[in-house]
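Both of the next two complexes hold chain A, though its partner changes from chain B to chain C.
Let's look at the complex of A and B:
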């Protein structure tokens, strides 16, 4: 179904060509260096044939032209915090690291815009905008490390995108280098542009349409104040009821997050956020905006939590306390290292009301496969993040089993009327599962779009779309388990 | 005396695999790593360095590979990544293990071996020799030897080393055997004098003892103690470091004190890890753990105890640069700021990127002069923005590095150890 990829130039010829084109400093080709671009934040690995670290758009365009002449795939990479193997060069080729294109080109506070390079770290933008009373809304839990380019490519969300929208709602302009080296500029600082919404198309394209070399983002005024509430519940069911009650009440919290007991244990060992260890579930909710009325909203949330069985409630009194409560949530994935050497995180989305059922099914999957599963999620929009804990050093069979458990979890989400990815992208991790959600015609339509921009199939190949070679094993497995 | 073939390590262990497996390659540490910020490659990031170690462990990379050596030694061992890591990766222990592994596996040039032998065996453990060297250094500086040798081979390194030598003459005046507490006795401690501190910064040691005494602490200054071995550990020479650790423990452990006080952040972090250093020595492990449990930085101890004597007033704008091994290595952050705010008249201004390494990093300014200079430049820029007259820190290496940077920049600001500043404030009463 996908464009069949024919490996192009490799090895010494590729290195020499790249060094001649871009200079020694911009190219990595030694084995021990390439081995460090095999991984991202998830579980899959593959070694690139070369790594290029461009300095500017011209470098990227020259590189793309060279690679299209030699039929070499291009795999963009931001900080490598991705959770679906997006930056993994599964078909080999050149990994393009944006680590050195990380500047803020313009901060236009008056127009609420910033023009940035793709390698800029998400949090660095908000830090730079803060003196102007502004910030960049999308706040993935990885925000102190992930790049804006990666955010755009994945259309990332975060705890606070519940009220204010995910990345796509905060991008107004892009500069793209297509795989043939063409430089395309879309949008700008203005609000809307005529014709097709190509920006919307590129946001979330996971590097499969081209390389993003410049981004114009919307900045938003920092809320005047915030109130953060932590509530502990004896069971996840009660906590889910509370979430539904809060949303049904008409309040619009800027964030509502939930975490189960296993996750709480890891987080407490890691950052000591002050979550009670004996609770079955921890709920974090935040309201922000004009100071007037905030305390009423906070009180209403507390009331609804209590009415739904909360055993203890804490309100952050200071900014420091609020940061500590959030540090626990934002460090939750990485804190899994305290419980097991590896974790495999799922990203299913379900209608919020089905939360208790789906969580029960996830627990059953864990029991059946004999693995521990921790749950951390954006409860407000029903975006689950079950974390399957394992030890990858025990061999490839373990990872296979873990992935099979993952597929069952995704199935549970689909059965509940949800989808297989909320914000981490499809990448090379869920591409085999995509047919569970889309029929052949749907996939063909998407492939037409890809071919329109990337006819040679060199932009991050074997991502999003199922590939015959890698997905055969999956189909067999799926056939067996149905 | 024989100079060994490899580094000095006759047995070194690699980075411990259980510590490696703590890393879940999430990448959250990347932006806090100064070398990643400067170089922008995964190999010079914490996650990348851990993966290099894992690749050696898995047999995918040889421990004597030039690339391994390069990236592991480009690391500042500043441990900023430890503070950033939600998974609790103890990076310092890992990189130190990797260095020991490299020193064992990788043949060194005759010159490099001779230097190691000279510095780690013949100088650091001998404070009298260090004192002579400190005086020689000061003399060379006054005679402007740096300018003369700069054109010679290796002259540039020697010259940049001389740039670090403080303007003021080194003080190696021996301290009294004890300093009595003023007023009601609130505690009893032993002062760890260090090697470089004792040879060149004895004034700071004295200030430390006096400040503690003024606050009701009796301070013993035991004569029998040696270099703590921190530089040995950082340079992949754990065998020598263990020997120094045993000597220090043996001569100090019997003292009846509440704490062993250190005023050099690098030494403090290392002394607190004697338990780890000697973990595989059944005769010493327990003793080392007990000893380490009593080690406290002077700042940490004093802030916990609380000031009983109010310092005099100083009219100055002051900023504070966190020594990495105090902030990231010992997690001491708020205490120095609280002490500074306790000095009447002081206007305290936070320093941007105070949690970043200044590029001193033990002997990094000698081994990686270019990266070190870039970091120093960045630091001086931030200091300039504070408008401070006084830059306070708490480690001799940082003090020398910051002073050299400010001097080269023509800045009027001066650098001072927090204990010296407190003593100055008490003097102004």
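Let's look at the complex of A and C:
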């Protein structure tokens, strides 16, 4: 069982205590300030009791010690682009914004490492590393805004992690602050460190084990060259078959993305990437690496697309054309605004071979609930992103319906042998559904980890694991008796 | 006492009974890493060989699920029938999958394919409370819940007994090749290796080997003919059609070194030349094999106990000073006690201790190996 949460010091006493501890500049507590921290990239909201913007690790450690003494939750926040409510203070408490800890501390090209603060924007790292011929592999669609600290917390992916791995494959060192204020430095610039792989446990723990104050990441050599292919298919089924054929051929593209017609129309209206509007599905594939043989790979992809019914194929001839093709994919979520005022994005993963039947089930869910669902996803690793379109101004019932449709989609992914989340995290969005994927014994083992790092339960409470108050059907207790 | 569970449930039940009786348990896979002197007379030995066989191989999904007692070489044979392979090449063909995970056993392919932690996507583990805990799954991308797979890699059987595992696999490469060339000194050998690391070529092995005053660079490549050719051209030296002819002896030499001690250091890439230069001047230095793309360096030392002890201490200290860590991989029994005293607690040790206490509250699993 997770430690039950007991509300501690709040209100004016908390604000005064934080200001005394860290200074006026570091603390926000007025209502209009707090409202800015009520939301992130997902659909749920909650108001913090205070926001702290620490300057350094010492501030974070002092804050944690104070919060531990006063039983106040700590909720870390990067850029607030997360898609599972990870930065939402469900139980109130202090939101810790890393906006002021956003520097590259060291770019160590000789060791292929960078030491960065958690608030550093993802793309800024690759931009800084480019003159050395290096880059940081994880490239979430939000990479112009999202932070490396957030990437580590969520174990973020992105289109190009198909060949080169997600965030956890690119972190070799962490400095963390536990909720009791203890500072722990794990790993460093070496490939691995001694003892249990605590870094591997911490990456993807969604702020529930402690706060990250410094990160050492692996930098990779920029690919010598790339080839980007866009193929249009009459139907999503044919496009899915093409993906399977590409994977089965032994090619390991750095990215294979798919987008359905609804998404294509929105993207074209908003970005103008040059995708054919009449296509049932758009496939975007990229191969990179040594120049030798790259054209051969590209040709094989084109051939496999044609063999599976592609009606038109375009190859990016210049970097500009490639960027334009990718702009459509990376801007796809934002483009949904053209279709509806709000969207709710799911992140289920399925074995790649199950794409056609799971996509059909998603379409059926849309019909049953009377909602439009656009699909934009990482087809190469089976990571779906169905976007359920809705109008939140029509009232809470609409959001409830949309969430219910979302749960059905997750069930379809699990029935196919998949996972409820591939890169967005469980957060407060899917914590009631985690027991659909893992049984009570599995969750009990995971909770050993929670208690080892955060015995007081103050690190981002009510995330990942079901809570009795919010998950009527799926509290841990209920799951255990099933 | 011998425990030979034939399925996962039996394994979990055996652990629970042992815990209730406060019976210490040694976990044995292929026994390739086991130290015969390590088990004490009162220990029960749990052998995982009964938990064997490929559960599911889906070639189109590039994943395979196997029981933990399956030999790695048997997994490779099963995958090869469908034109695929698990890109792990640790020493000891006789190692089991569970052993490879528990010992975090990697070969030279890490630079290209990743290590055990990068390829393992799902596990089922028998715990001392008699439960079976699953983590991850059978899909290649998954962030649901904590990543207990990572905790198990390298945990040496101290937290539970892995009974089943799922890995990412790859199509067998079309072509393989290797080259070997000599270098004048550590600096030039590592400089040439470093230049290759900074390209897109991603060789399947990049090894600096030093013995009896000679420095060699061994480079292996796999995949498309054009890329293999270019990699070997840029590496220079003499070409060898079968990379295993060069690599297997290097790998197994370290595993089989019965005499003296093998120190395994993991250091930042740029620290390799000074580290290699330093240890090669130590008394009793026999050979050094560096995986130059990851900074994992094995040093074989020989001589009398006093010499080995002193040089081991110096090598470990050097790795630490250079920003890495080191431990002894193989030690003669007469030296074990002496070198055990050198162990220091790694950073975050108190967290490891808490994890060990949570997963194995009675401390029955691999008591001597406990990291805490």
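Keep this in mind: the second predicted complex is superposed on the first by the 471 of 482 C-alpha atoms of A that agree within 3 Å, B and C clash if a C-alpha of one lies under 4 Å from a C-alpha of the other, contacts with A are read in each partner's own complex, and residues count from 1 in each chain.
Here, a contact is a pair of C-beta atoms (placed from the backbone, for glycine too) under 8 Å apart; a residue touches a chain by one contact, two chains touch by 3 or more.
Owing to the predicted nature of the structure, the values given are computational and were not obtained by experimental measurement.
Peer 1: Figure out whether A:68 sits in contact with chain B (first) or chain C (second), or with both, or with neither.
Peer 2: In the superposition, A:68 contacts neither chain B nor chain C.
Peer 1: Determine, under the contact definition given at the top, whether A:418 touches first (chain B), second (chain C), both, or neither.
Peer 2: Only chain C; A:418 stays clear of chain B.
Peer 1: Mind telling me which of the two, chain B or chain C, contacts the most residues of chain A?
Peer 2: The partner that reaches more residues of chain A in the superposed model: C.
Peer 1: Which of the two partners, first being chain B and second being chain C, lies in contact with A:26: first, second, both, or neither?
Peer 2: A:26: touches no partner chain.
Peer 1: Report for A:334: first if it touches chain B alone, second if chain C alone, otherwise both or neither.
Peer 2: first
Peer 1: After overlaying the two complexes on chain A, where does the chain B footprint on chain A coincide with the chain C footprint?
Peer 2: none
Peer 1: Can you list the chain B residues touching chain A in their complex?
Peer 2: Chain B reaches chain A through residues 21-31, 36, 40-43, 47-48, 51-52, 55, 60-61, 65, 67-68, 84-89.
Peer 1: Touching residues of chain A toward chain B in the complex: what are they?
Peer 2: Against chain B, the touching part of chain A is residues 28, 30, 32-33, 35-37, 39-41, 53, 79-81, 97, 99-100, 102, 121, 123-124, 142, 144-146, 269-271, 331-338, 341-343, 391, 393.
Peer 1: Residues of chain A touching chain C in their complex?
Peer 2: Touching chain C from chain A are residues 108, 110-113, 133, 154-155, 157, 161, 165-166, 168-169, 184-186, 188-201, 203-205, 221-225, 244, 247-248, 250, 252, 288-290, 292-293, 296-297, 349-353, 378, 381-383, 417-426, 430, 434, 437-439, 441-446, 448-453, 464.
Peer 1: Mind pulling up the chain C residues that touch chain A in the complex?
Peer 2: 58-63, 83, 104, 110, 114-115, 117-118, 125, 127, 131-135, 137-151, 153-155, 170-171, 174, 197-202, 224-227, 229-230, 266-271, 294-296, 323-325, 327, 346-349, 351-352, 354-355, 358-359, 371
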